[in-house]
Amino acid sequence: MPRPKPKGRVSEINFRVRYAETDAMGIVHHSHYVPWFEVGRIHFLDDAGLPYRTIEEMGYLFLITDLGIRYLRPARFHDLVTVRTWIDKVGSRGMRLEYEIVDEERLTLVTGHTSFICADKQGCPTRFPAEVFAALDAFGQRDDGADK
Amino acid sequence: MPRPKPKGRVSEINFRVRYAETDAMGIVHHSHYVPWFEVGRIHFLDDAGLPYRTIEEMGYLFLITDLGIRYLRPARFHDLVTVRTWIDKVGSRGMRLEYEIVDEERLTLVTGHTSFICADKQGCPTRFPAEVFAALDAFGQRDDGADK
Amino acid sequence: MPRPKPKGRVSEINFRVRYAETDAMGIVHHSHYVPWFEVGRIHFLDDAGLPYRTIEEMGYLFLITDLGIRYLRPARFHDLVTVRTWIDKVGSRGMRLEYEIVDEERLTLVTGHTSFICADKQGCPTRFPAEVFAALDAFGQRDDGADK
Amino acid sequence: MPRPKPKGRVSEINFRVRYAETDAMGIVHHSHYVPWFEVGRIHFLDDAGLPYRTIEEMGYLFLITDLGIRYLRPARFHDLVTVRTWIDKVGSRGMRLEYEIVDEERLTLVTGHTSFICADKQGCPTRFPAEVFAALDAFGQRDDGADK
């Protein structure tokens, strides 16, 4: 499988694997990549000037509609892993993010994506507020030479 | 260590250990007994006629203030474990529950306790509503020959 | 989205949502459906006469290669949810399972799939042992009028 | 409650609260402080020159026997929390660590402790290897002016 080719700006964050994230196979349990994508996504929103806490304070939620993961190599306890996050596409009411998690040698461990729709506090789908859409759109277009 | 001696009614619930709850030592990660105590506690409240969902709907929260666990034997994947929960003491503003988790041979895996205070939706400590206190107190006193 | 149409035997297991599985949106965090699929899968293997513990004792692992989830409705604390699991396809070296999680009214909360390859204890891909393949294949074909 | 007074060297590590670690009360679920203590402990062992991965490679495990937590203030999504870890006592076959988790204003969120015994790969209690005991003992005694 070819490595994913991010189109715009890539946001990166790294951390060490916790012992609690391993399972009886001696590797990271496959479910833990989902919160790791979320860590990447939250960092991506910070980078885009849209802290998720601010979005919630504005009265909005991002509801997940779809998630996919491909598992290539296992992560192990204490490995330093990096979550790379970028926008695949953004529309007026939702967006699709892509992820790649790599190890210290930049080998791909997993790839994946999540789709979201914007919702109000009652969970009703709605348009992104104009400034949120503008910031996401600008960030997705940006190609500032960040490591890809 | 002697087995704990519950004073009143004991509430029991059982379930199988999930693979996701194991760690690289091949046993259940020590953190997972905390949500298991919670499963026992929720079932205990159901048994006492006080579903936690109802308590939240009435505008109250139980805030944990203290937790302790003693680890005696490890649980493993697919083991059928039973959480036993009972009241140690209940006051006008809080309570202390005790737990024992046993395997299929009724061998003790862990013992523990949690203390709670009653709070309103803003998180301010408050008295238990009268009917909640009465139900907890009655349940704690009850000695109806349930398995101990 | 049309409901998935299982082709063979469907295995079902139910349990209540734990408080620890909720998040600050007041609903189940989207990552927890992954261990729930696993609970369904382990139960499915029990139903097929292939307890996963036995498979590990025979010296084999099932390594996940791919996972997908579609989120339709949120689950909430204390809901009784049912995980429905069936085989989409099985080959000599791997299989693809499908899942549907429903609430007490049999409304679909999420759908999903996972793909696995068979591996030895060193994690090297290998063929399913003959008796495992036979049991999976037979179970996948079976159409015994179980609820679909 | 007075703040704990560490006796020797204090090891510190910080990270942001994950959304997946919150619950329906809008705060961090009380179970997540247990893996956070572990993150602190692993970092403490790194600081002491005893990476846990090395200990496992030497054929030893640290088995937890006892855990206690006092909850003072809740952590919330995206808070930057710091886990402070130090030795309370170390013997020939086990040790007791203490923890304090603080927020960005250095306010105490929780305090706690864990006790461990040294075991071999079969889980049989054994003495610490001499170099492990020496390193733990030296680290526990050290009072090098680190922030307390």
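Should a chain be cited, it is by its letter among A, B, C and D, assigned in written order, with residues numbered from 1 in that chain.
Rule of thumb we're sticking to: a residue touches a chain if its C-beta (ideal position, glycine included) is under 8 Å from a C-beta of that chain, and two chains touch if they have at least 3 such contacts.
Just so we're clear, the structure is a prediction, and the values are computed from it rather than from any experiment.
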Problem set entry | Joint neighbours of chain D and chain C, given as chain labels | A, B
Exercise. Using C-alpha centroids, which chain lies at the maximum separation from chain C?
Worked result: D
For this session: Return the chain pair with more inter-chain C-beta contacts, choosing between A-B and B-C.
Result: B-C
Exercise. Taking each chain's centre as its mean C-alpha position, how far apart are chain A and chain C in Å?
Worked result: 25
Problem set entry | Gap in Å, rounded to a whole number, between the CA centres of chain B and chain A | 36
Problem set entry | Distance between chain centroids, defined by C-alpha means - chain B, chain C (Å) | 29
Exercise. By residue number and range, which residues of chain B touch two or more other chains?
Worked result: 19-20, 31, 34-35, 38, 77
Exercise. What residues of chain C sit close enough to touch chain B in their complex?
Worked result: 15-16, 18-20, 34-35, 38-39, 42, 51-53, 77-78
Seminar exercise, completed: Touching chain C in the complex, chain A uses residues 25, 30-32, 34-35, 38, 61, 63-71, 74, 123
Exercise. Chain A touches which residues of chain B in the complex?
Worked result: 19-20, 22-24, 26-27, 29, 31, 77
